[in-house]
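Below you'll find the structures, each written out as structure tokens.
One chain, chain A, appears in both complexes that follow, with chain B as partner in the first and chain C in the second.
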Partner chain A sequence: MDNSKKNVTIIGGGVAGLTTAIELSQYSFQVDVIEKSPFLGGHGIQYACKATDRCVKCGACVVEEKLKTAAALSSIRLHTESQIEKITQSKTYSVSLLKRPAFINPTKCTNCGICFQRCPADAINRGFSTGNQPLFAISKNKCLYFKDGSCTLCASKCPEDAITLTAAETTESFNSDAIVLATGFQPYNPEKKPYGYHRFVNVITNLELEQMLRRHSVAQRPSDGQAPGKIAFIQCVGSRDAKLNHLWCSKVCCGSALRMARLIRSRQPEIEISFFYIDVQSFGKNFEAFYREAQNEIEMIRSIPADIYPAEDDSLRAIYYDSSTRQSHEPIFDLVILSIGMLPNPDNSQHTEMFGLKSDPFGFWSYESSSALTNGKGVFTVGAANGPMSIAETVIQAEQTAWQVYNDLVIESNNAP
Partner chain B sequence: MQDTQPIHDLTQLDHTRYKSWPFNQDICLTCALCASACPASGIDALDPRSLVRQVGYGLEDALVAERWPWICTMCAKCEHVCPMDIQIADMVRNLRGLRDRQNVPGILQQGLEAALETGNNLRLPQEDFVFIVEDVGEELAEEAGFENFKVALDKDGANLLTTIHNKLVNTHTEDLKHFWKIFHAAGESWTLPTDNWEGTNWGYFTGDDEAMKTMVGRIVANLDKLNITHLLLPE
Partner chain C sequence: MKYDSLIIGSGPCAFNIAEELLKTNMNMMLVCKDQDDASFKARVAGYPDSTQLKILQDAEVMACSGQVGRYNVILRNGQKTISQVVKTIIVAEKDDYQPNFASYQLKPNQQVLSFSAMQACMPENGDEQWPVNEDVKHILFLNGIASESVAHMLEDMMRLCLRLQSSGNIQTYIFTRNLKVAGNGIESLYHQTKDAGTLFIKFTTTSPEIVQTQTGDVQVSYQDEITGQLFQLQPDLTVVDETIKPNDTLTSLGATLGLKQDSNGFLQTDNVHRLSVLTNRKGIFTMGPSRSIMSSGAQRLEARNAAAAVVKLLNEDLNRDEDNKAAIDTSVCVKCLTCLRLCPYKAIELNPQPIVTPEACEGCSICVAECPALAIQMMGMTVADMMDRFQSEIQDAASESFEPQLACFCCSRSAARAKELAETLSFNLPAGLRIAEVPCAGAISLNHILSTLRQNVDAIIVLTCHPDNCHSEVGQQMVNHRIARIQQLLPQIGLDPERLMIRSLASNMGAEFAHILAEQANIIRKIGPNPIKGSH
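Let's look at the complex of A and B:
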């Protein structure tokens, strides 16, 4: 099977885009993955492995594995810090990319981290996986060189001479036989909910807890780095919310929050955890057994708190009504985790229009059905851009999408009269 | 479990009973944000989530007998936090309306009947009302800076029609002066009607739509009669 003259462009370098790219390369296609951020792996690469005494199938390691596999395949070109400037269609799609300057040369950089440690302006970001080459990226907004030219410390300290602050923006164009949109989801910003997010330092989101557990392995209070005595999880923040027109369940947060809660309990058994929920949305054949075990070590409270007030020493007072005692309670927590909703990527609407796709009323491409979508003209959608889904579901959908692309570009065109 | 007795008579169960109510009560997710937010929840075990669900289930006898709708202050903080946009405070008002009028708590029904008959909750005769407000007006005119003050009664073509809470001509007459001082200092053209001046609408509080409309209609009639377009309702 020689498809090597056929090219597929994938927009989005998260687990959906990377898995689709790997599968397409198995069919011998050439693949270009376009990622707007400096780091591949999307949200999933920021997640922590949640295994306790055994694997709990959270899927975090799968993202790591997909990133490493995609980076090693010569038929896949990974474009980070890149965006589509223009896509036009004649017989094939003609794709023009705008690539932000590569200040850190990926072939020279050894990921030693000296630039990251020495930067006086906190302008160098560290990625989440060494599968990402380079692991570091310079943020132009914070960098003093781009502010007033006053600092070139990173470039002069780099032992590999890999940093060029004068690097220029580049463009690149190529033809593509199909486009796959893998633009992922947008996390809900809970600042307007009555929980003091971004006002009280010890109120964080479930995604921030994922990053914390990935980086430090344990739960810490952001205010002082100490282990919290009591943690609250508040579910459904920004999902299942008619006022926000977010009528969907984000589907993965009950499972991932309970997995994180159990992981914390296994590593820091002295921490008490309360879990505020509406109803636990459980999926997968093992979940019921997992959930029963979780109930033994986590205080499950079927009520959502309506207020959080600051208490002594940066701790937090949560107000909730307990139907079993028919009273309001005001327990104190050291750390509060908001399980925030998964929203459609704001870029979706632009692609919907450009490619004549169908989206649901909320802006996901296929909320109703988990099957991959296409506009019938070589454009496909995959992953959480189609609606909230787990890493495992995303991988399955990516494999289906790759097959559909193959079917379209090879089988159908061979059968054409 | 502390509850060993069934809470409700399930023969009452009829989810279609309040279907026509426009408060979104049937899309409740039972998240309890309303109950967690309610400043009165827990008083007599008041549980707004349970109340919304009882309406969804159509448990009419329990809802009519229940004290909760009368404990609620209708502050609507529950509505503010409800993710499903359920109009809980309005729903509570409808629940109050389900009770026989003789079982309306406290003096509410008595006051309302007085208002429907006489124009005010106190059954205060017109000449007594006029005497009280003019007396308070004269007191105010004795204060420095208010020498020319006069209570403007039934003034045709004023800019502002004011109504008053009945306690201002009963136990809290001093409080009349606060409004009047502001009007005087601002040079406002205002007036007070000598009948149907009552601004407190207990038909509204007790869920009695007909009585509420009558009370509102009288204020509108005063606006028309005196050719006034602006209303101040300090209740």
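Let's look at the complex of A and C:
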């Protein structure tokens, strides 16, 4: 099959976009993946493996593998720090990209990390995976050079001469036969919830715990780096919340939190874990057995804390109503994990308008309706932008979306009279 | 005639995949066990026989030999037996809904129905009311009380409750433990159903007491867990949820096709490497309810995954990467058939000697490691090849203090990638670390380990994928058995068993890779140099 003259543009370089790109390249399409952040792999690339004595199918390693595969394929062009400036449609789509300045030259950078270590303003971000090339990116907001021109330390210390702080924005244009929107999700910001996020240092989100476990293997209190004695997981923070009009379940947090809780228990068995929930959602093929074992290791509390107060030594007092005793309790925890909801990407509304897509009342695209688009051919949606979903579900949907693209661009045109 | 694909199944899923592949120019044979079922007949009627699609009713697969691109399938079709060559096979059997009457100590009767039976009573048209007799005022749905429910069953139940509530004179109740709302639109639907008047009673620590009287009536007493109040309910109709099981033909079909099952009996192991419709055999796919529990919507969409899998496979050059395939030296082979028994991909055929089918071989090298006659080779996997890899990375022993030389076997899918990640993220790795990357940890043989111990090394670390994450399913288990055996033998040759360590890792565990290596280096620093090193 030779579709190499056909191009597909994918907006979003997370697991949905990368998997769709790999699948499309298997039908011989040329693919451009547009990622606005400096690092490919989306949220998933920051996640930790949650295997205990065996794989628990969290899918984090799949993201790693997809990124590596996509980066190695010559038919896929990966654009980081890029965004769509304009898309116009005549017979095909004409795509204009705006690429932020490449301060670090990816062909010169050897990932030595000197810039990262030496930066006085903490303005250099590091990627998460071997597949993030270059591994470092300069954050313009924090960089002193862009503030007042006072510092060029990274550029002068770089042994490869790979850093050019005066690099300019570039643009690029190409034609594309189809557009795939893989814009992912936006994590809920829990600052407004009464849990003291960003006020109490030992209250973190499940995404931050993922990063902590990936980086350090174990749970630590951010306040002192010590192992916590007691951890609370609070589920549904920003999901299933009628007051916020977030009338959806984020679907993956029960699985992610229980897997992380069991991982922590397997590595730090002295830690006690309480799990505050509304309903435990099923995940994985072996859910019943997993859940049974989890209940033996973790204190499951069917209640959502109303409030969190600071207690001695940076620990936290959670107040909840226990329906079994019909009383309020105020246990103390050393670390509180908020399982924050998955929100539609704020960019979605712009695409919804631009491409005439259908979305649900909350701003997620509906996959079923997107696969039978009414606005003409060539625009597809995939992944968590269609609603919260796991890594495994995203991979499955990416295969389906790539098949739909192949179907529209190749099969139907072959079958046309 | 050689069909591009053989589809096995009688349910909607089998017809969905046929429909999807009809869009391409492929030709297919659809093998259905059913023949009498009305919905099946209606489905078959939609597909007149054509050169592209041949439907066999009252048919089943009796035997299967051959490999991807040329599977030879023996079929029973009514009284006849047919032999058919096909390039690929898709298992698309329907699922089996089993009502949980027994779990609730209920017997089905006119007042006690399974959820499927209840759905079948409902008029097709969503606007019509249920033609219920006027006496039925209270309908109780039991969902996920005895065992965990699934989201799509709750979704269907709530849609049904909405219709019943809208009649104006029926009160519906849903009794549940964990309300399964993990699916698009289900939480919204829950609010809508609650607003329409359905009463949801959730149980955590208590259970409803359900009694069926001699006359078949159901009486329920329960405690509201929030207020602690006791309630009685005498539903006019009780609807019982169902457990979704794999089709009972899957076990024998799996055995016939050489497919591995998961712990529930579905024809796909619970392994992320099988996403989405892959099995342990190249060219055999499993979809929808043949591989997992899923909603009818998800089943419908999986036709795309299966169609994609077939199209991609038939366009793939299966002979690429020919260097990384095992080959049996027939002059050395003693036909013990160990390879035939162990190959996780069933890539070994008897012809009449055992031979490796290159198109199906995934290059895991498990057969190479296990062959007692050492008759199987794969490039780079001989003991000498492996030792070369360790030799080439030998450090200068210039430093004064003892720095343990660590030989580390890494699975290429996991630990070798974790090592790269550890380096990328600037974790410190021991100075004396040397790596041999292997296609699967199951490739590491007794000979590899024993020969390595006689090299200039102080300890060996074997790093595998996690159990249930091994691409070749059993490679990780097999190398664990081998290592356990060697660890028992080591004291007999005067070696501390701690010199041989085995751990599992994933590709994204850079930090853990560094920790494991540091830990092992510390152990060896304490117990000192390997007394037999360099004795080869």
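One rule holds in what follows: the second predicted complex is superposed on the first by the 407 of 417 C-alpha atoms of A that agree within 3 Å, B and C clash if a C-alpha of one lies under 4 Å from a C-alpha of the other, contacts with A are read in each partner's own complex, and residues count from 1 in each chain.
Following the convention adopted for this analysis, a contact is a pair of C-beta atoms (placed from the backbone, for glycine too) under 8 Å apart; a residue touches a chain by one contact, two chains touch by 3 or more.
As the structure is a prediction and not an experimental result, all values here were calculated from the model.
Trainee: Determine, under the contact definition given at the top, whether A:14 touches first (chain B), second (chain C), both, or neither.
Mentor: neither
Trainee: Just checking: does A:403 make contact with chain B only, chain C only, both, or neither of them? Give me first, second, both or neither.
Mentor: In the superposition, A:403 touches chain C alone.
Trainee: One more residue to check, A:281. First (chain B), second (chain C), both or neither?
Mentor: second
Trainee: So, A:326: does it touch chain B (first), chain C (second), both, or neither?
Mentor: both
Trainee: Which of the two partners, first being chain B and second being chain C, lies in contact with A:194: first, second, both, or neither?
Mentor: A:194 sits against chain B, while chain C stays out of touch.
Trainee: Tell me which partner A:62 touches in the superposition: chain B (first), chain C (second), both or neither.
Mentor: Second partner only, chain C.
Trainee: Taking the superposition on A as described, I'd like to know which of chain B and chain C A:306 touches: first, second, both or neither.
Mentor: After superposition on chain A, A:306 lies in contact with chain B alone.
Trainee: Looking at the overlay, does A:243 come into contact with chain B only (first), chain C only (second), both, or neither?
Mentor: The answer is first: A:243 touches chain B but not chain C.
Trainee: Going by the touch definition up top, name the partner, chain B or chain C, that contacts more of chain A.
Mentor: Partner with more touched residues of chain A: C.
Trainee: Just checking: does A:111 make contact with chain B only, chain C only, both, or neither of them? Give me first, second, both or neither.
Mentor: second
Trainee: Please report the chain A residues shared by its interface with chain B and its interface with chain C.
Mentor: Residues common to the chain A contacts of chain C and of chain B are 240, 242, 278-279, 302, 323, 326, listed in rising order.
Trainee: Would you mind writing out the residues of chain B in touch with chain A in their complex?
Mentor: Chain B reaches chain A through residues 24, 27, 29-38, 41-42, 45, 47, 49-50, 77, 81-85.
Trainee: Going by the contact rule set out above, which residues of chain C touch chain A in the complex?
Mentor: 23-24, 147-151, 178-188, 191, 202, 204-205, 225-226, 228, 262-264, 266, 270-272, 275-276, 292-293, 297, 301-302, 304-305, 307-309, 311-312, 315, 413-414, 417, 420-421, 424-426, 465-469, 504, 506-509, 511-512, 515
Trainee: In the complex formed with chain B, which residues of chain A make contact?
Mentor: 194, 236, 240-244, 278-279, 302-307, 319-321, 323, 326-328
Trainee: Could you please specify the touching residues of chain A with respect to chain C in the complex?
Mentor: 1, 23, 26-27, 47-49, 51, 53-55, 57, 59-65, 68, 111, 113, 126, 129-130, 135, 214-217, 240, 242, 247-249, 251, 254, 278-289, 291, 302, 323-324, 326, 360-361, 364, 366-368, 386-387, 392, 395-397, 399-400, 402-404, 406-407, 411-412, 415
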